[in-house]
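Heads up, there are several structures right after this.
Same chain, two partners: subunit A is paired with subunit B first, then with subunit C.
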Partner chain A sequence: MVLKFSINEMDSRGVVNLVGDLDIEATEMINDDLIPCLLEFQIIQLNFEHVPFVDSSGMGLLLNIVKRLKEQNIEVTISDVKEEVYEVFDLLQIPEIVGEETFV
Partner chain B sequence: MQSIVSKGKTIEDAVNVGLNLLEASKKEVNIEILQKENKGFMGVGRKQAVVKLSINRLEENQTQPEKSSFKAEMDSFEEYIENLSPYLIENQKLNMNDSYPSTDMSPSNLEGKVWVKDNQLFVKNSPSHFSTITSCKGVKLIKNGEVVKEHTTIISEKDQFEIEIENQQQIKETTWNVSIDSSGLSARLHIEPGCIIKRNVQNMEPSEHIELCVEETVEVRNEIDYEEIMKKINALHVTYGINQSEIIKAMNTQEPGVFEIANGKKAESGKDGWIELKIDVNPRNGLVEDESGNVDFRESRSIPKLEKGQIVAIVHPPLPGTPGVTVTNEPIPAKPTYPIKLKLGNGMIEVDDKLVATESGRPFVERRGQLVSASIMPKYVHDDHVNLSSGNIRFHGDVDILGEVEENMLVEAKGDIYVYGSVNQAELNTTKSIVVKGNIASSDIAAGKNNMLIAELGHILGVLHGQLEKMIAVIKQLSQTSAFKSSDVSVSGLQPLIRILLERRFKGFLSLVNQYQTVVNKGEKYLDSEDWSFISVSLTQIFQTLSNQLITIERLENLSKKMFDLHELSQEPIEPESYITISDATNSNLYSSGNINIIGNGCINSKVHSGGKLNVFGVVRGGEVYGRLGVRIDEVGSGSGTKTIVSVPSDQKIYIHKAMEGTILKIGNVTRTLNADRKQITGYLNDQNQIILE
Partner chain C sequence: MFRREMLFETKTDYANKTLEREIKLARNIQMELLNGSQPTLEKGQVTGYSLPARLIGGDYYDFHVLPNGKLRIIIGDVMGKGIPAAMLMILTRGAFRSAAESTQGPSETLTAMNKALYSDLRTLNSFVTVLCADWNPETNVLSYASAGHNLPLVVKSNQDIEEVPKVKGVMLGGLPQNTYKENFVQLLDEQLVFFYTDGITEAQNSDGDMFQTERLRKVLQQNYAEAVEDIENSVIESLDNFTENVQQKDDITMVLLKVHQGQTKVSSYNSPVLN
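Here is the complex of A and B:
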């Protein structure tokens, strides 16, 4: 399923609901649409509740988002990651890369 | 009651002595034997017989059985002396036991006593006291139809008693099992024979108080059935090497045990291909001691020489091993064997299974595991000094310099370098060996640098290979994960994944790759095999560049395999190893991947690194010397206090004939400074990681 997103605004805080697979097909959408939208917030929460599948490009995209936001001093957290997806994160040691505290 | 204790040579003697003293007849006394005589052996351990006689005229009626008892004792005793065989003693004891009731059955003796015979309880009342019994675990005493609950109870003749034993008879089944070991080479029968355990109340002699104890007799019953065993063996498909005699043994065993009832046949390993040299290819390791310890420079080298068309060696193919058979009749493949890998250089060709020289000259054959390099080494003789007018010398074979090597000059060779004169502020460099007759001052001398390079690269490759294997394992594991889609791999290859893995999980990988590439680039000219640079290029393509080439898991696996092979190769010892033999050195650096012999005055303020053994016949003053396979020095240290370090790895020893105060010995990571002059010392590390000097 192609990835879609919606953003709930709460003052300076944005909650991003991702729905669909975080994979290579989402590359353009994330780089061109999502990231520019996020730069206005001070705190971003990425909700992975509705992300059932990921691939390696998707992981690269996620790392890219976190990196870009942190460069702008935007606080990022990742929440509600499905167990199976977290297994992938864990194998690639994503929590260690972005900081364990990012995952809530 | 009058009684007396008397001694004698025999019991009879002792009794007679006693009777005389008491002035009594045998009928009038009770005789108690306190000690039987013992003749001992040759007088050693001899004991006299001791008896106690008590006059008991009041109980005259009792003397009769007493006497018979005594008689029985005497008779049996004589038997005992005559027949010392244990069997008879055993027998005799039984007889005595049998006779027991008859001796002591007399009612007055049994008064107030209780005893057990054949699971029956007997009691005889006494006017003065009651008998008591204690029942132990497993015995139930029923008194007048009621179970006695107390531990100890009083009994008398008027009561009716029954003894009940719990689990009077218990049957244990025979248990057994057949298993095949993991190698499939043996089938084992584990057996624990069954048994019948019978429990009875122990017979007890008459006494005022007795305990009812359970006596167990175990009768082993091995009920294993041959048919059943064969059925089980068939079910396990054991068909090869069945050992019937072991099965029979198992069927007859009385004790638990393991029987190997079938044996397979082990695979016999074959032999890797090998090379048989038909000529002597190694020059005598130049300038070595003869029996009397002298070194003759005139005998420094005897060079093997080869004519055109001569057969250098025969290449033997590998001999395959014989496969083995498991007990289930499956073949066990023999370890694979490998042929010789030939790398032929200049002047050598392979004809059928033979190596033949096409040019005359010095044959050169080097072995490293299954890899054999062979060539005819050309020789260049420079009959003058090496200086600005001759220029640096670079040659792909042996180089002989008849003069001296002067300041800032370089001699580089693929074969051996032999310098007749001295070397001053210059550099000698070869992948093979170096001999210098003159003095060496302020120079760099290196032999077999390629070997050291290969050792270094091999080490890095070993680590890289381990990491790459892990990386492949993680990638494979990822593709097994349910939430992971590998669809993008066909589009963009493994690069995105690898990039993430390198970010954290294999953080040190890239720096190792860099290190490897640096060493390869630096030493490219010394590395004969292109495999080293091939791996370097592959590593760059896969891990360092953003090339469009698709990286597949197969490619990673291929690379990993290549790395493994090369790493294995680098671990193999090389034959023949490079060496350096020189007279003496001052302020110089010596490096050899093999042995270093310094046979003249010694070395002063020099750095010496030997990948083999380091032998210094003279002195070592100042500087640092190292021998990977041990160091032997005649004299070491300096009176002036210049730092002198002698080092070896932790598993090697240092032998020094004479060491001066202040010399530093370093073994592994442990150092020790000598605080006095020492002679004839051997230094090594003990189990506690301390340097021991002997």
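Here is the complex of A and C:
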């Protein structure tokens, strides 16, 4: 399923609800649409509850989101990751790259 | 007005044709580099195949025969697609070829590649997953290290197939100064090692269903007794039948290594002369 997103705003905090597969097809949407929207917040929570699948390109996209936000001193967390998706994150040592504390 | 429009169309056509020609040339370069000469193994077989989802792709595989007789295999997947991924694939190839000459094993190779590529990958906001393996034809031991890449399958018989023991590693471009762990598996005669990129297991049909590892395992088991080229063709055929020519999102790449009984010796196509 093609990835879609919505953002719930609460003051300076944004909760990003991702719905669909985070894969190679999401590249333009993440880089051109999502990331620019997030730069106005101070805190971002990426909700992965409705992301059933992430491929290797999706991993790279996620790392880029976190990197871009942290460069702007925006606090970012990743929440509600499905167990099977987290297994792949763990295999690729994503928590070590972005910091264990990013996953809540 | 008419003349100006004609002129515009001509310029646009020219630009499009030039672009099309250059993309085709880039594809030819990539396919030549990817599908170059493959080492001939005495009493063993190795083959590789890569099919880009678009005109050109970001998957990569390569072989390198080491002076000590081992065969070094690498398979990788550059994040992204199309021309940008293809450019990074060429960078990755250069890093592997350079590292393969000067490193002792797969973990050292990945460490050296990450060191060489990290800065460029961070500048370009990209990552590369790769798996590197050394096969020793004397001992039949396959040692390997992974930079975020899926592990190969070992087909032991038409009934028995399993993934090699786990080893974790950060994708290239993930962390600077990263080092990689290594694991190994003892191969037996007639066993097949299947290296692949996730474009195979994640190939989709028109219903959006994925090919998945189970279908891959089944086709490998069914064709286990065949030559590597025939097994490769069976996988391609099985993928074609499953996807029914639906345009794929990701590149598809595989490398097959089959060990045969008896003394096995690597015949090199590019191994350096040792005095």
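Criterion: the second predicted complex is superposed on the first by the 104 of 104 C-alpha atoms of A that agree within 3 Å, B and C clash if a C-alpha of one lies under 4 Å from a C-alpha of the other, contacts with A are read in each partner's own complex, and residues count from 1 in each chain.
Assume a contact is a pair of C-beta atoms (placed from the backbone, for glycine too) under 8 Å apart; a residue touches a chain by one contact, two chains touch by 3 or more.
Only a predicted model underlies this, so the values are computations on that prediction, with no experimental measurement involved.
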Superposition on subunit A - do subunit B and subunit C clash or fit: clash
First (subunit B), second (subunit C), both or neither touched by A:M1: second
Subunit B versus subunit C as contact partner of A:L91, first or second or both or neither: both
First, second, both or neither for A:V54, with subunit B first and subunit C second: first
Which superposed partner A:K82 touches (first subunit B, second subunit C, both, neither): first
Which of subunit B and subunit C A:N64 touches, first, second, both or neither: second
First, second, both or neither for A:V15, with subunit B first and subunit C second: neither
Which of subunit B and subunit C A:I24 touches, first, second, both or neither: both
Clash with subunit C, by subunit B stretch, listed 38-46, 290-298, 560-568 or 614-622: 560-568
Common ground on subunit A, meaning residues reached by subunit C in one complex and by subunit B in the other: 23-24, 55-57, 59-60, 63, 91-93, 96-97
For the subunit B and subunit A complex, residues of the former touching the latter: 474, 477-478, 481-489, 491-492, 494, 496-497, 499-501, 503-505
List of subunit C residues in touch with subunit A within their complex: 77, 79-81, 125-127, 129, 148-149, 166, 168-171, 174-175, 198, 202, 208, 249-250
In the complex, subunit A residues that touch subunit C: 1, 23-25, 27, 55-57, 59-61, 63-64, 67, 90-93, 96-97
Residue ranges of subunit A in contact with subunit B within the complex: 21, 23-24, 52-60, 63, 82, 84-85, 87-88, 91-94, 96-97
